[in-house]
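Take a look at the structures listed below.
In the two complexes that follow, chain A is the common piece, with chain B as its partner first and chain C second.
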Partner chain A sequence: MFEPNPPIDLSSGKYLKLWQGPQHPGITGNMSLELITRGDEVVDCKTHVGYLHRGFEKLMERRTFIQNFPVVCRIAVPEPTFNEYLYAAVVEELTGIESPPRAEWIRTLNLELMRLASYLMWLGGIGAAFGQSTVYQWTVTHRDYILDLFEEMTGARIYHMYIVPGGVRGRLPEGFEDRCRDVLNRVEKLLHDVEKVLFNNVVFKTRTKGLGHIPKEMVDPYGITGPNQRAAGFSRDLRKDAPYLVYDQLEFDLITATESDTYARSWVRYLEMHEGIRMLRQCLDRMPQDGPFQAKMPNVLHWEVPAGETYIKAECTRGEYGYYMVTDGSEYLRRVHVRGPSYTHAIALMEKLAVGTNIADIAGLMVSLHTYPPEIER
Partner chain B sequence: MSLKDLISPFYVWQRAFEKPYTQKRPIEDRPGAPRYRGFHMNSEECIGCGTCESICQNHAIDMVPVEGLEQRAGDSGLRPRFDYGRCCWCALCVDICTTRSLHLSNHYAWVTEDPDAFHFTAGTDAMPWNQNSLGYRRDDDYHLLVHDRVEMQALSAEESVAGFDEVMRGYTEEEAVLEADRCVECGICVATCPAHMAIPDYIRTVRKGDYEAGLRLLYETNPFSSTCGRICTHRCETVCVMGYQGDPIAIRWLKRAIVDRVPQEKYREILGDEVEENGKTVGVIGAGPGGMSAAYYLRRQGYAVTVYEAQARAGGMLRYGVPSYRLPDNQLDKDLEYIRSLGVEMRFNTQVGRDIPFTQLLDEHDALFLAVGLNQPSALRIAGEEHPRVLSGLRVLDDVASGKDPGVGKRVAVIGGGNVAMDAARVSRRLGAEVDVLYRRRIEDMPADPEEIRESQAEGCTLVPQAIPVEIRNASDSNQVTIVWGEAEMVADDKGGRPRPVLQEDRMHEETYDCIIAAIGQGGQIDFIPAEFRDRIEFKWNKFVPGDYQQTGLEKLFVGGDIANSRADAISAIEDGHHAARGIHRFLSGALDG
Partner chain C sequence: MANAIQLLADFGRNFTLSDIREQRVDLAFCKAPKEQAVRLIRELRDDAGYTHLVFLTNTDYIEQGIFTLTYMLHNYDARHTLGVHVDLDRNAAEMESIHNLWAQAATYQRELREMYGIRFPGSPRLDEDFCLEGWDQIPPMLKEFDTAAFSLERFHSREGRGSVDPSEHMKTLLYPTHSDEPSSGGS
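Up next, the complex of A and B:
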């Protein structure tokens, strides 16, 4: 597992170097895999990132604390909300501002909706990667229903810019709860269909079982978190282990598996979607209907955050997502570091898992790790 | 492999018979959600404060001049122009908008062939979505600014009416920082302040706790900062953008917060005391705020300045017209002492025209600045006003300031609605009298500062609005006086002016008081200017009409203060003095033609 791959002599004529990406439908974003193949077997893989580097961490050093709020959501395109929440949480921790309970419930609702939307897109991706494009059509449509909910709740479909330091930007629209329940019912029904079509599918099973096996002992050295880790038999989840927001008040089960292959990872995520729907229904039922949704804020135009440093993490769909921030008492932060799970999963882990697989399985393997290149390159 | 796994995927066909989800844009319209963050709209409430520009992290907003806008106080004349090549529709501009004029429509699709069209001024340029009524607006319970003012500690009405102690106690350092923090630094106030003080900049020094830098900024435009920090008419606050959704910034109190934290001994060290003599002399007539302000800025430029003052002490109306519970003597002295310490020569008890002829000053000095103020009480113009128990408001305040007893008695009627009337009433309360204030119009029409009106009521003065004095008669007791007044109805003015009070002859009242204090205004007195010069000077209603740089037709004579402007407040006089000092400097260095 930790052995370097054997040296490869390209001039021998036995090998073919094949670039997959940076623009490739089987890659979950803009990164590239430099594959060395023998026949259709992958014998070596190098990962290359940097195609999406936009320098967020540096950008944020040149913007005031409120000006960073519209920036952070762009760090992970399919999951902006986790960035919004974590940025708000670090700023709140450093300033001592406490967001009111109603905002905490709305934030939880927001994050779980985001998780569901993100998983739906992933579910379509894993289906499409193994030739089940219909599943992709279904799930992306249902993701759109959730984006409709985001649109009416936050004012935007993708970059919500809704969770702001101090609370959230507005109350839930009238009738939102009913429309949200309706969408949840539809998604739940879809998931049962997907189970029949994808998970009980001989093609899918044959191709994914045993593919991309992550040995248990590889998990910690490679910094593997989230469903990838849980599919390897670890019952670790920040929502349970270090509860934030209102997760300690919600009932949900930790999903684990032991096979640690592409099928197991997919199945773990599939079941987590059901848990997500369960949590969302609890949020809708138990959310406070009145009270403030924003803490009392200073004038944000020249907001000076006291000197300090902190690291706050949350469980996103892919694992541990964290923000480390250092402030020096000025109107600008001194340093911010965004820790995304895709960094470890897509770069180091992928290089190992790809070896020995088939070219046709590379895309599915990559999707099974659920990585988002934009979040690698902050 | 099981049979189930072979058959199950065919379930996919079941959904083939369902209605498609796809929306057929553009055949079918698909409006944005009611809260959608679409294209920008701006309403008439916009005053061009530029806060949207400050918060925009993309620099997508420029404040640009807009043609055809009606000029009004508190409006920069600029409007936000959006660059849709930069905008990310975060709507922070909407959240921060001080007037709530800016919002987003839920319109999100826009196609045009003209690339320049994506650079537009919202609310001014005709855009397809301008009639849109939905879209993102800031929620009422969501704020990125602090709308409530930090109230200053003050004496209670019972405590304040018991003596002449200063009513407003000043901000603590913490309170001052909190209040200063509310400022959005738009600078709308600077244009409105007659002296154009660097308000956002000195407020920032309060926030940073750098009071010495603050003091230096104050003295760039105003050598009466301790005074103005207490009794300025604060026009700045009336236009402060924070006033649109909450309380305006307490700009006046923040100025005071700076001055209160710098001891007088440090003034010379912080502001400097070196003067490079330039060998020219300037005479200043009147040691009020206008005259002393001119003296300060002239002295700073090296002129030998002599101030001629009819009274025994400097300060003018600030000392003799403003009671010490609003402006304690030692605070006025703090300002005056620093000006004098720079080497300004003071000639007290020297009334020009009586003690020294005007022509002599004209000969002795290279230039003159005249700011004698208004010190002639206006007549009531009703029968019987020469009654000995009819006092002038100015005289009462003057007596109190000089330590004399004005003898108002136990029951007083004050006639008027300005600051002098309020002060005369409040002084009378402190001297133990019951006070009625008769005013022709409604309370909201009173020219006095709202807080003066509020405080005088709190201190127990009875305001009697819409009361027109008709006649003053002898009372049965010779130490008393009787006033006849009639109720007034407000009648709308046909010409569009403010409503006018009309006497109701059937509703007359008669009341007897120990004295009546007339405080309906004051006029100027310019007899001391010899007739031979008057033709060369422009006058209107017994006031000077100065030209550029406060210069008159008599080239060596510059004028300012209440006698030369219509605003008649301290800050305008201070600015006149400063402006005239610049004019005199230009005049004497040949840069200003006569």
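Up next, the complex of A and C:
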């Protein structure tokens, strides 16, 4: 499966080694690509990570279960909520706690809002990577509207620490639903504008169609999940295949494509944003307005998590995100492993796709894979 | 997948599987001997539909002197996930590489080499730095590696900063009457 690249003699004068990152506008987060080029063509690529390594998994082994909440949300900066949900879900499964229905709806709302915010950031990134900085300004502004909603819902814009074992920390604020609908309307209008200026733009189309093609037969051997997989024609989504929270009660379509290039991956994500808005509106319309938002829980200082082992996963914007946890009955967990889709998308896959690509398209290719380095180096 | 246990029982005719356990209807675990594990994983991939390597990780059982590798595999058609455990001797941790089965496995193995010191002979770029550059301590994910002691030794503390033990702090907040001193609200 692993195919080594042919040897490259740097002293021959035919090649140039370039470092893209860790501080570079054409890189996603703090990682770097060690590129070897021949003329404009990339002939070898190595991904380097570690610039953000904070040892989350090790830190969590030394903290009690409740103390880990401020840690887990920092594992994926633009999308912390999935970490909160999954960490809470593994603790709940191992301790036999069930969160009440109202909390399950609020969690779903929270996760889908996070997905929309993360996609908006990504949409700006793919625009900027191909010279459309205006799109970036539009989308980041609209992401901020969603962060405003998070601020009033949870008290924090980025690291919410809102989803906890047994439910959520609080009910939705008065009038939240109306403000949320207003933001969704604004984002929806923005998306139509983005479709006109980005997806119908001839330069964007020319540069992205055919770029970074992922053959269907590469998907499983490279562990590709999420929109990168769906753009290659696979109808796989954990929200459909292994429904969690209230996804089995929501109506939404699975978006797929067949071209499996940068344009197809972008288009799949764009349509998924519309599906996300559709799901959010259903949550707002159908969410229970009363009932508990938190199961009856023991005092956090007296949590007892029995010995056990489990793996729980969710569909984040980039694909399969999962928490594997081993406990031994003590007040600390024995082991936690955070499975993020960037682990393979940014390393094995990126290193493969970069070869043969024009140096000017590397940034766009990378953004099209939608990767976050903290979930690689945990 | 209702017949995951049956599947493992069938595989058990050719492999010495133990600790077979169903955590949920869509998740099961089993343990395989080190010598048989890669052959088992290959057959699970090729013959049983477990084509997706979800992750490869390790758990350190320092008290028992073993590492337990976990190969998490997923079958998309059956919508079932299977964790295959393999015990390694902690003092001579070496395992056959699976980089020929999945492309991303080489990265997992490189990380396990760096973080736990486990060797995977033949795995590409195994000894290249993964996250840590110029690391000169024992592998940091080993249980005996003390992060707090490392930080105190490596970094100097800044004046004016204190620290509070979080559990003691919470006890002070929640049970002020049992505390010797009034709550300071942190530092």
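Definition applied: the second predicted complex is superposed on the first by the 375 of 378 C-alpha atoms of A that agree within 3 Å, B and C clash if a C-alpha of one lies under 4 Å from a C-alpha of the other, contacts with A are read in each partner's own complex, and residues count from 1 in each chain.
As a convention for this text, a residue touches a chain if its C-beta (ideal position, glycine included) is under 8 Å from a C-beta of that chain, and two chains touch if they have at least 3 such contacts.
Treat the numbers as computed from the prediction; the structure is a model and nothing was measured.
Participant: For the combined arrangement obtained by superposing on chain A, do chain B and chain C clash, or do they fit?
Facilitator: clash
Participant: Is A:Val197 contacted by the first partner chain B, the second partner chain C, both or neither?
Facilitator: After superposition on chain A, A:Val197 lies in contact with chain B alone.
Participant: For A:Arg171, decide between first (touching chain B), second (touching chain C), both and neither.
Facilitator: Only chain B is touched by A:Arg171; chain C is not.
Participant: Looking at the overlay, what does A:Asn299 touch: chain B (first), chain C (second), both, or neither?
Facilitator: Touch status of A:Asn299: both partners.
Participant: Determine, under the contact definition given at the top, whether A:Asn358 touches first (chain B), second (chain C), both, or neither.
Facilitator: A:Asn358: touches no partner chain.
Participant: Just checking: does A:Arg339 make contact with chain B only, chain C only, both, or neither of them? Give me first, second, both or neither.
Facilitator: Only chain C; A:Arg339 stays clear of chain B.
Participant: Check the residue A:Glu152 against both partner chains and state whether it touches chain B (first), chain C (second), both, or neither.
Facilitator: first
Participant: Contacts for A:Gln67 in the overlay, against chain B (first) and chain C (second): which applies, first, second, both or neither?
Facilitator: The answer is both, since A:Gln67 touches chain B and chain C.
Participant: Which region of chain B runs into chain C, 45-53, 207-215, 315-323 or 585-593, after the two models are superposed?
Facilitator: 45-53
Participant: Does any part of chain A touch chain B in one structure and chain C in the other, and if so which residues?
Facilitator: In chain A, positions 63-64, 67, 299-301 sit in both the chain B and chain C interfaces.
Participant: What residues of chain B sit close enough to touch chain A in their complex?
Facilitator: Its residues touching chain A are 1, 4-6, 8-9, 11-12, 14-15, 21, 32-37, 51, 54-55, 57, 88-92, 95-96, 104, 136, 139, 141-146, 181-185, 207.
Participant: Provide the residue numbers of chain A that touch chain C in the complex, in ascending order.
Facilitator: For chain A paired with chain C, touching residues are 1-2, 4, 49-50, 53, 55, 57-59, 61-64, 67, 93, 220-223, 236, 241-242, 299-301, 308-311, 313, 320, 322, 324, 326, 334-335, 337, 339, 343-344, 347-349, 352, 377.
Participant: Which residues of chain A touch chain B in the complex?
Facilitator: Answer in residue numbers: 63-64, 66-71, 132, 134, 138, 141, 144, 148, 151-156, 159, 161, 167, 169-171, 173, 193, 196-198, 200-203, 205-206, 292-294, 297-302.
Participant: What does chain C use to touch chain A in their complex?
Facilitator: Within the complex, chain C touches chain A at residues 23-24, 26-27, 29, 51-55, 57-61, 70, 72, 76, 79, 81, 83, 99-108, 124, 129-133, 140-141, 143, 145, 147-148, 166-167, 170-171, 174.
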